[in-house]
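Common to both upcoming complexes is chain A, partnered first by chain B, then by chain C.
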Partner chain A sequence: MNLWRKLACAVLAGVLCASAAANWLAPAGYARQYREAANAPPSRAHWLGTDEIGRDRFARVLYGTRISLLLAPAAALLSTLMAALIGGLAGYLGGLWARMATAVTDLFLSLPWLFLLITARALMPLNVSPLFSVTVTFLLLGLLGWTTAARVLCATAGSLRSADFVRQARAAGVSGQRLFWIHVLPNLRPVLYAQFWISIPVFILSEANLGILGLGVAEPLPSWGSLLKELEGLVSVGDEPWKFVPLILLVAVVMSFQFLLSGQDQVTA
Partner chain B sequence: MLRARIAGHALALVATVLLGGFLSATLVRLAPGFDADERQLDPHLNAESLQALRTARQHDHNVWRFYFTYMNRAVHGDLGTSLALGQPVRTLLGDRAPLTLRLLTVGLALAWLAALSLALTAAWLRLSAYDAVTTMVSGAFLCIPAAVLALLSVLWNVPGSLAIALIVFPPTYRYTRNLLAKSYSQPYIITARAKGLGEARILFWHAVPAVAPQLLAVAGVSVSMAIGATIPVEALCGLAGVGQLAWQAALARDLPLLVNITILVTVVTLLANCGADVIGHMVRGQES
Partner chain C sequence: MRSVMRVRRVCRRAIAVTLLCLGSLTGRAVAQGGGELRFCLRMEPKTFDPLKVEDEASAAIRYLTGGVLVRVNRQTQKLEPELAQSWKVSKDGRMITFRLRSGIYFSDGMSFSAQDVAYTVQQLMDPALHSATGDAFRSGTGNVETKVISPTQISITFPAPVAGLDRLFDQVAILSEHSPRKEMAVLGPFMLADYKPGASVLLQRNPNYWKTDEQGRKLPYLDSIRLDIQANRDVELLRLKRGELDLINSLDSEYFDKLEAASPQLVHDAGPSLDSEQLWFNEVAKAPIPAYKKNWFRSATFRRAISEAINREDLSRVVYHGHAQPALGPFSPANKFWFNSKLKPQAYSPDAALKSLQSDGFRLENGVLKDKDGNEVVFSIITNAGSKTRERMAVLIQDDLQKIGIHVNVVTLDFPSLIERMAQTFDYEAIILGLTNVDLDPNGEMNVWLSSSENHQWNPQQKAPETSWEAEIDRLMRVQASSTDLKQRKQAFDRVQEIVVEEEPFIFLINKNALSAVSTTVHGGAPVILSPQTFWNAERLTVSR
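Now for the complex of A and B:
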């Protein structure tokens, strides 16, 4: 493990620990409004100041980080499982199944991601609870984000189908489900891991985009997207630099995932 | 061979539009509030008029009938009326498309100019420090959400097309750089160098033509990325284009408008990818 990957691990571990300890670090919670100190600059009481309705920004950053870092991997897991089911199975079965899976993934891939997301998000009712909105946002990311991974898995499973060890297993009388579960799937594991890790930063960035556009997690629940929406009201960068903390945190986390992925590439290669 | 390829793409395009149209019509039909008609709240209407309004909408209840009506209208250029803006979708798209087209053209041109210049220089110089810096810069841009880049462009008063360029540049640069690096590791490049060919000749005569078809494929994908970037850029920079229209439609849950925009965008993306594939095929044909 090189120095950059160690640093990336340390950043991710630090951010995860801080967000996990949000209840202790910011016991007042993310929704409490200090009406007498609205729009306050950083102070001892509020390390990153308060927002326009007096909520402690430090607490919101911690809780928002927890939501983004918990649910992005959950969405990544869902999309990877869907990709394994659709792409892996179709690639293993080959023929018409593989062609159908390729056609469906091509159809999804031809739709720009953000257009697809906002269309699906617009179908949801307007007056949803914050918890429902956060679930729906990440569920949509998971349900719509499987296509690229499915394409990769379909191709990999297709190549495994004609691999020597699969042929040998087939010649020895192994077939059907046993061949898939015992011989093909374990060999897809490195690709599945890689796709899972690749999806996490993609979903974090997508949630941030949706949040800034007002189509993400509903208030008062914080997420990186809703926290970054505050940048909309800035007049200049130097005025309130503490508002950039969520952005710095997001960039640091996504960059850390990138450094870790560069190591994953070497593993899967 | 080329004709078969074009026919295949045309078939895929038609199938996508038909399937996309069906999904869109189903979404519009099943969306909450489809049956609602504001006129039913009008106290001036008597029971017979209200019944007439309900009867008029009854034929829309069957999804298949609704789909055929929808597609029939679409074929004749009638894309329906926006629920939120109360204007024909076709007019709205016609008014806003030129701005989006201009943004996309300038943004893509800037992104490709930056990506190609940096990637070609990296391939030519082969300096690890230069490569590390450019990779780091493009990597940093990859970690910033597109909407934040749009917000920063407003903050620093730079044109929206530059924001689109900054969103498209990082992946384009990385693909181009990787393709060129792969091309440089091929035996024919080592042979060319051993024969004493200059770096410029190796780059433009051997390395770039070898990756031209793949670069064209990346060009097709970059169009899709740029179209996706129009939503945050136009919405947050206050530019009245198709991206902003899609965002407004999503906020207002104006599904007829939103699904029509999505189908239009899909067709444009497919055409760009098909064009890139066909040109790439022609380039490969000329090379062989």
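Now for the complex of A and C:
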């Protein structure tokens, strides 16, 4: 494990531990409004100051990290599993299945997802809890984010289908289902891992984008997306650098995932 | 023979040069030395035809270029003569007679007469034009008749009385009947000189503008106005700071404070504007929401309790940084004549709100409010995504109502989805939105207060008023709309305001202040609350760089 990977692990571990200890580190919670101290700069009472309506920014960053780091991997897992199911199977079966999977993937890739996500969010029932709302947002991201990974897996499974060891197994009389589970799937695993790790920062950023549009997590629950909304106005953040903390955290986490991923690639190469 | 031809050639050249000089003098405005005023339009103007104006950018250009018969003074809010020296509205409110100024010319040199006014009115009232400005004059079925009495006198007769008839002409820019340049021939202080779609609009001073100042100097002072089309407010503010712009007509409170901290001399808070922000509940009988929730929303006690539990002072102080005032009712105190001064501020009292809810059968159990059938009081408030102030207000209200055991879910939707739920499917529970009032007269809000109207948002398009108080509002609005007696109109609308405050179909939250920024290079600026806040007196502004 090289230095960068160790550093990435340390950053991720630190962030995860801090967010897990949010109840202890920020006992007042993310929703409490200190209206007399709205938009306050950092102080002993509020380490990262307060937001526009007086909520403690440090507490919101911790709880927002918890939300984003819990749900983004869940969405990544869902999308990777779907990619494995659709892309992996189609690539292994080949022929018409592969062509159909490619056509469906192309169709999904050509759709304007941002608008569809906005529409899907608009069609949701209104009286749902913020936690349900954020779960649905990530679920949608997971359900819609499998296409690129499916293409990669379809191509990899297709090349495995004509690999020598698969031919030999087939010649030895191994059935199709057994061949897939015993011989093909284990060889797809490194690609699946890679796709999973890639998807996590993608979903974090997608939720952040939806949050900037006001369509991510419902108030008062924080997420990185809703915290990044504070940075919308260039003019409003120029002399308040502490507002950049969620952005710095997001960049650090995404970069850490990337370093871990590049290490994974080296291991699997 | 040769010398004769040479003389003729020289004469021809001399005539040509003279004509060229004359042409340049008549075709271009002579510089007044007032400089060039620069500011931004936040969207592309949709039209330069003053009769078809619907958007803010086109309205700004119409204000600067259009000559009107009468003008509402944006500072005093009183009607003043412009192209009309005087006017008289008939007792039945159907006819208005104007006496026009003489010796006035359009920007292209065509003379102005009563015939042009008749032509403009006929164009305006043509149903095929679908003019929003014209719609304000439509009080009944039938044609509008214009009678040119003399070149300087005209009477216009409407099929039914039009309340506040004379003030409506503030929006009617007079067109030339005979000019080949059509709407490009104007009577206002400026004329359109150049338009680069997506980039800018250049207005130059109208050399034929009729007004002079007290010293007899021709108006406007400015040589030109450059309007850059710029939607990004950050860029607009940075350009003002860099001196590339001279004014910002409307500022958000957040930007106002930032600018005030850096350059206090630039910002202007003109006080409460006419605009309001309000919350309302869905009272539509066929709305796809549970019956028990409809019962809550249709109860005046419930609505009043919610209103009482909202801390409006905090909305003003926290969300608008103090640049807003708690709303007292449908009209802002900024509307000097029509505001009902007897209205008192709504006291913030969660305890009183809870008591009145308990008197209506609600009960608080373990911090959760339940109705008499045991249903937990939970509802959603929707507002448009991207409006920071409305989102923040919704979160403050969510917190306020939590104190009396009411759980609120805040949902932000893209604007088209919100409008669909509000006006078509009625699939919502409560909404926070705003009303932008451009008209001082309550007639401009007929489409809000009449129960049959589409914009009667809490329960639109009622075949017959569903409540006695809505029936009373309908009656009073019709009284004020059909009367020409200002006192009677005021009494009727005062009562409307009282009923609205008593019944709270709209829970009025705040009136935003009119915030603007004017560079120190601009002289003569006096920002006001009425639109256009900063350049209402553009003809008397000067810029020195």
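One rule holds for everything that comes next: the second predicted complex is superposed on the first by the 247 of 269 C-alpha atoms of A that agree within 3 Å, B and C clash if a C-alpha of one lies under 4 Å from a C-alpha of the other, contacts with A are read in each partner's own complex, and residues count from 1 in each chain.
Convention: contacts are C-beta pairs under 8 Å (C-beta built on N, C-alpha and C of every residue); 3 or more make two chains touch, one makes a residue touch a chain.
None of the values given here were measured: they were computed from a predicted structure.
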First (chain B), second (chain C), both or neither touched by A:V254: first
Which superposed partner A:L111 touches (first chain B, second chain C, both, neither): first
Partner chain in contact with A:L179 - chain B first, chain C second, else both or neither: neither
Touched partner set for A:L70, first chain B, second chain C, both or neither: neither
Which of chain B and chain C A:L228 touches, first, second, both or neither: first
Which partner reaches more residues of chain A (counting touched residues only), chain B or chain C: B
Partner chain in contact with A:L205 - chain B first, chain C second, else both or neither: first
Touching partner for A:G54 - first (chain B), second (chain C), both, neither: second
First, second, both or neither for A:A218, with chain B first and chain C second: second
Which of chain B and chain C A:A31 touches, first, second, both or neither: second
Shared chain A contacts, counted only where both chain B and chain C touch the same residue: 118-119, 121-122, 126, 213-215, 232, 234-236
Residues of chain A touching chain B in the complex: 103, 106-107, 110-116, 118-119, 121-123, 125-126, 201, 205, 208-209, 212-215, 225, 228, 231-232, 234-237, 247, 250-251, 254-255, 258
Contact footprint of chain A on chain B as seen in their complex: 12, 16, 19-20, 27, 31-32, 139-140, 142-148, 151-152, 155-156, 224-225, 227-228, 231-232, 235-236, 246-247, 249-251, 253-255, 258-259, 261-262, 265-266, 269-270, 273
Touching residues on chain C, where the partner in the complex is chain A: 233-234, 237-238, 254-255, 258, 314, 317-319, 378-380, 382, 385-386, 388, 391-392, 394-396, 398-399, 409-414, 417, 427-429
Complex contact set, residues of chain A against chain C: 31, 33, 35, 38, 52-54, 118-119, 121-122, 126-130, 133, 213-215, 218-220, 229, 232-236
